[in-house]
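Both complexes shown next keep subunit A, but they swap its partner, so subunit B is in the first and subunit C is in the second.
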Partner chain A sequence: MYWLTSEQLELLIKKLGEEYKIFGPRHDRVSGEVIFDHLTDLSELDLQAAIPYNPPRFILFPHLEEILKYRYEPETKQARIEQLNLLEPKALIGLRSCDLTGLLCLDRFFLGQEFVDEFYLAHRKKLFIISNTCLRPFPQCFCVCTDSGPAAKEGFDLDLTLAGRGYLVEAGSKKGQALIDEFKLPEAGPEASVLKKKIIDDSVSSFDRWALENKAWISRATNRLTTGFIKPEVWEYIGNQCFECGACSFVCPTCSCFNIEEANQESGETNRLRTWDSCSFEGYTKMAGDNNPRKPVEDRRNKRFFCKLSYSQSKKYLRPGCVGCGRCARVCPGDIGLPNVVTYIRREITGEAGE
Partner chain B sequence: MPYYRGICNFCGTGCGHLLRVEGNRVRGVYPLSGHPLSRGRLCVRGWHIHELLQTEDRINQPLIKDQGCFRQVSLETAIDFVARKIKNISGREVAFLGSPRASNEENYLLGKFARSVIKTNNLSLSSDAGQEESARVLLEGCGWPAMTGSLAELRQADFILVVGGDLTKQNPIIASEIHYAHRAGAFLATISPRKTQMARLSQVHLRPRPGTIFYLLQGLARVLADDRKIDLDYLSRFTANSQSFIDGLKLVEIDKVVEITGIEKEQIVRLAGQLAESDSAYAFYPTGVQSLDSRTMAALFNLFLLAGKIGRRGSGLNPVTGVSNLLGSYDLGVSPVFLPGYAAVTDEQAWEKLENFWRVRLDRWPGRNVDACLSDQEAIKALFIVDHDEEIIRHVNRINQLDLVVYFGAYHNSFASLADVIFPRTSYVEGDGTYTNSERRVQLAQKKIDPPAGVRPLWEILTALARALGHNWNYHSAEDIMSEISQLVPYYSGLTYEKLTTRLGLKWPCDDLHPEGTDCLLAEDAGRRFQFIPAGWPGQSLAYDQEIQKDFPFKLVVGRSNYFWHQNSVMKRTFIPKREYNALLLLYPRGFVEISEEDARRLGLREKQLVRVVAESAEVRLAVRISRDILSGMLYIPYFIDEMIPEFLHRQVVDLEKNEEFFLPVRLEKVG
Partner chain C sequence: MDKNLVPITSVPEIATIVDIRDEINEVKSFYFTFDRPEIEQAFKIRSGQFIMCTVFKAGEFAVSLPFSPENDPKHLSVRRVGKVTAGLHQLEPGDKIGVRGPFGNGFPFEEIKGKNIIYVAGGIGLIPLRSSIVHVLQHRQDFGRVILVYGAKSSKELMYKESVKEWQATENFETHFTIDRSEPGWSGEVGFVNQLTAKLDLPVEETVAFVCGPPVMFNAVIKELKLKGIKEQNIYSTLERHMKCGIGKCQHCAIGRTLVCVDGPVYTYRQIRTLGEQI
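Now for the complex of A and B:
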């Protein structure tokens, strides 16, 4: 573990900026919203800012992305295909551990299975990640229930923990270590890991005080979902409140579903686009010949939470599909974010009266 | 910094969003968590607004039609062409169709161009008669033509009544606020013949027969008056004619209400009691396509006034606009009946004020809306249209006969091809402009990307046209126009771009007394007493009703849906919402008519079976869709024109789209 002053951190980020496009949390001046954004002005970076309203997945998996272009040429009777690869080195600064965990879930989906997604890979290849320990949770957080915080365990190049006036720094990769060596950062000494552990412990024990919006008894819900013993009425109650906007999927750090569209251009070219998609839409599961295995909205809701919490899914990701960031609860017009759904499932288990 | 703060431009909720810009293109959208109304939420449409902005259907060059084909011309040539043509047409023979999706500045300037340069008062939006009725009712009743309550305090409400429409589809985020208020403890009731999602989320759903909401509201008022559950002190201090209204209620017989509406007396009494006992109460109704008729709006106003819920903090009557800037368009006088700031066209003083302000003589001759102008074979020779969709295409034959059709638009659509001259205009992300949402919140959306080369904002084109017609207009920015608006329109007098740049909107009235805008109407500040609006008790129409029922036993109503929003010309340019729309079309390629389970069983109709829907003057073949959401005796067709409802609704739509309380008497016949 190393020691880094705030001034050195600024220099370090500036240095990274020579090679990487810098992304990090900034405030929107008028609304106060914290946005994880491409920073053209590094002075806007605020590592102390609350968890950003948007997860960083748009950087690797954009809302809408042209992935290839093709054009049929009638004269030669040939089609010309052009793959669009953006190999832009990007540095994500100040990632919260929930968001880093989400990114690792996306990695397992796009890279860790039978097929490797080249477009995701192109974004992922040249990435520098600096994670940032949460000294205390924010109101919507429940990462302690999903084993994804408040400090990062893996997947970073550098990991920061604010301690007094400077940061405790850990390297998680050769790239990260090289930067530490380049800046000749001083070793923080043996007591540093004790200090870091205390900081994390304090953060965990302050959840009862700060993180009051959500609680999610994930393991009980996982058990219940996996065995499939949830009554249809519970799903109906949840489905009735679904506005079918797709927001829960769009704000989820681990949601990976996408749609492919071919958009014809006036120039005669066709662009193949990849866009975010959501299991809350009826057209998402619709098959040829009128069949839709998940037509009613409650079946679609059921699918989402099965995907996030069931044991079989957890096996694929080696963890629950939820990272405890609480975004789906804040963005949901129907107030059926994951924590509430887990509450309804739990109520069924404990027999507590519903609303 | 590729995320830019902005305002969603779909419905009248006006949610805050962030648009992600890459290069010069909008590539993504994200909700704005700090927005005072949307609080970090967007609906399915809002989450896909960037897809709409990818479209290649842009109009990039001014076009003039030459022997049936469009020819690209310079802006100067197009302006010259229009100026030359219009000089030979008298002002009264010209009509203007504004767009409820254009900004306040654009709408104001369009109105000024129509009235002061062309000298016509044929100036309107198209199908949003509900908004005009709503403004008239509220002006008469309390002098405030929009939401009297505040959405900011909704979550503390005790009682919420939603009347008509389908709010979770039309204005999902306002519906979401209602849902959150309900979850926080408010009693939520819905009055609607259809079982909408809002109805499912409500504790009480009263389902009066189509066209009878008025009677139900009158019945509720009668119960309030009878049970003396009224605040006499409030009525004597703040209202002008409460006694004559209460006397008039004696004509309303509860037994008759029960007979007409099909709602049990007990339910009426209980709901009236809930309203009376509540401290903080709100009512919502949509304006626009699925609106109520004016007498139903008046009855709702009277009910809330009787209950003492108008002009008090924490209560109010809240009309909800369906399109982004529908309210702003009316605020700035894009209407044949209102001048900017809701001055009546019958008010001579208002005309004189306008003449002095614009320094030009104006013609007081009463104008008409575009439908009236086009339905009359002789009325007009020229038509100016801003960004319109397919909805006025039913007048295609008449439009083809006109001498001059001028279209200002950002995108090609089937309507644009009817024009003689097309001016490309910037889209809403390519320039500055303010938009006024349902809660009177005026919000500034700033320019995010550059327009295609040569494409100008509407205000710039109108300025050039006015100058070509000899008027010395000098506007150099949208901000210039807002500062003119603030001098003319009292509600907007305290608004400046400087203020709006640093705030997430200000709710009008924004003036010297309320420099930070106004949350809700307060009786003490209203400057007048509130009026009950005589609504009467038209019992005689019932006999007529029964006569028609013999031949046409079903009541057909039309409504909106998430994905078929705005005649589809908007949704068709997206990817995901378009897919959802097509998913349904695949199931019912000929379109569908919804019928209750009970009626389907009685008539022996199966799902997807073809039927003929026969009205007095037209008929159509549609597939049956059996629905649990509608009442027996009722039929329902979602409102999306081109693909699903070809001839039939085109003919009936003028009446049908007026309001939800309107229904078409029809019968069903099996095919083959």
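Now for the complex of A and C:
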């Protein structure tokens, strides 16, 4: 472990900026929210800002992305397909451990299954990640329940923990170590590990009681979901609160569903676009000829929670699909963010009455 | 996975439609060849797999492959049902399409050598089964009894009339046809496929059944096959879903814990029963 001053950190990020496009948390003046965004002005970076309202997955898996371009001329019967170059080095600064965990889930899903997603791979190939330990949880957080925080364990190039006026830095890769060596950062003594552990312990102990209590219940809910022992009434209760807005999917660090559409341009060119999609939308499974195998909203809703918590899905991520960021609970206009769904399942198990 | 079967995953390969044949009402077969000779040479499939077919300017759709992996011209048989298939139906010989794939697991072939095979199809359900039928007939000596039970609403709605004629003349291939209502000039059976299935003397031991057709027909046929004693794990079918990527990423084709594009499209009935979703 090494020590890093704020001034050195600034220089280090500037240095990364020579090679990478820099992304990080900043305050958005219009909305008043903290957003994880491309930083054109590095002074906007705020590592102490609250958890951003959006996870960083849009950097590797954009909301809307042109994945192919083609021109087809029916008169001459000529087709020309153009592949796009999506490779661009990017540095993600100040990633919270939940978001880093989410990114690792996406890595395992897009790159680790039978097929590799070439578009995701292009974005992922040149990435520099600096994670940032959460000194205290934010009101929505429950990463202690999902083993994804408050400090990062893997997947970073550099990991920062604010300790007093400086940062404790750990390298997680050769790239990260090279940067530490380049800046000749002073090594922190053995007491640094003790200090970091204390900082993390303090952070864990300041989680809300509901988050700490949910810890055991998430694994019990996982068990129930996997084995299919949740009564249809519980799903109906949950489904009745779903507005089918898709917000939960769009703020989730691990949601990966997408749609593909062709957009014909006046120029005669066609763009093949890939856009985020959500399993809560009715048209999600609708086939040509209007045959839709999934109809009622509760049928679609339970698929999302199955995807986040079931063992079979966890096999793809090598961990649960939920990283405890609490964003779904924050944006849901109903009351069915993941923590509440776990609560409803808990009530079913214990037979306790709702509030 | 067979190392020779490297699918085209992200950028479609351009192919030319060389011939179009009318099959039945709203269903046409499109014969195609790849523009790049090396792809034309390397493109290999297993029976029961599917491709993602790009109709330029209209979109891309998942479609099962009706041709045999060996010595059978490449073609697709497609019913006009939506926007993209309507676009395909407007094409003429010489027009281009894009192809990604082949994807999916396919029907068992090596594993079922020596066994009896019963094919049961309803309507255009014969399309995905055709590949396996032709392939099995090409290796007829490797299998036991081979039986086709095929039904459609009317004689006009029977797919692949040319192939069917050939099959009827093929020795050691038992074919049974039925239509829903009697017609002048029809000498075959009349009634639903499940009724015909019930009447036939079918093998049970060392037997696999491949069933494909609309859900109502499917469920009724499964019931008959089970009554005869054919085990659920020996009954295969191929499922269809809305698909966007074909490579297990977009998740549109999720059924239960499986994805039709990589875990299917061929499932045993035992799997289908435990998916926890309607098919």
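Criterion: the second predicted complex is superposed on the first by the 336 of 355 C-alpha atoms of A that agree within 3 Å, B and C clash if a C-alpha of one lies under 4 Å from a C-alpha of the other, contacts with A are read in each partner's own complex, and residues count from 1 in each chain.
Everything that follows uses one rule, which is that contacts are C-beta pairs under 8 Å (C-beta built on N, C-alpha and C of every residue); 3 or more make two chains touch, one makes a residue touch a chain.
Because the structure is a prediction, the values reported are computed rather than measured.
In this overlay on subunit A, subunit B fits alongside subunit C without clashing. By the touch criterion defined above, A:Leu11 reaches neither subunit B nor subunit C. Once the two complexes are overlaid on the shared chain, A:Leu39 sits against subunit B while remaining clear of subunit C. In the superposed pair of complexes, A:Ala178 makes contact with neither subunit B nor subunit C.
When the two structures are aligned on the shared chain, A:Phe58 is found in touch with subunit B, with no touch to subunit C.
Looking at the shared chain after the overlay, A:Glu261 reaches both subunit B and subunit C.
Shared-chain residue A:Phe119: touches subunit C; no touch with subunit B.
In the superposition on chain A, A:Leu318 makes contact with neither subunit B nor subunit C.
When the two complexes are overlaid on their common chain A, residue A:Val194 makes contact with neither subunit B nor subunit C.
Applying the stated contact rule after C-alpha superposition, one finds that A:Met287 touches subunit C and leaves subunit B untouched. After superposing the two complexes on chain A, the closest approach between C-alpha atoms of subunit B and subunit C comes to 8 Å.
Residues 259, 261, 264, 277, 286 of subunit A touch subunit B in one complex and subunit C in the other. Touching subunit A in their complex are the following residues of subunit C: 1, 9-12, 14, 16, 56-61, 81-85, 94-96, 98, 240-242, 244-245, 247-252, 254-255, 257, 262, 276-279. On the subunit B side of its complex with subunit A, the touching residues are 1-3, 5, 16, 18, 20, 27-35, 40-44, 46-47, 50-51, 54, 56, 168, 172-173, 175-176, 179-180, 183, 197, 200-201, 501-504, 562, 575-576, 579-580, 582-584, 586-587. Looking at the complex, you find that subunit A touches subunit B at residues 26, 28, 30-33, 35, 37-41, 44, 53-54, 58, 62-65, 240-241, 243-247, 250, 259, 261, 263-266, 273, 275, 277, 281-283, 286, 290, 292, 330-335, 355.
On subunit A, the positions that touch subunit C within their shared complex are 67-68, 70, 72, 74, 77-79, 81, 83, 109-110, 113-119, 228, 256-262, 264, 270, 272, 277, 279, 284-289, 293-294, 299, 303, 306-307, 310, 312-313.
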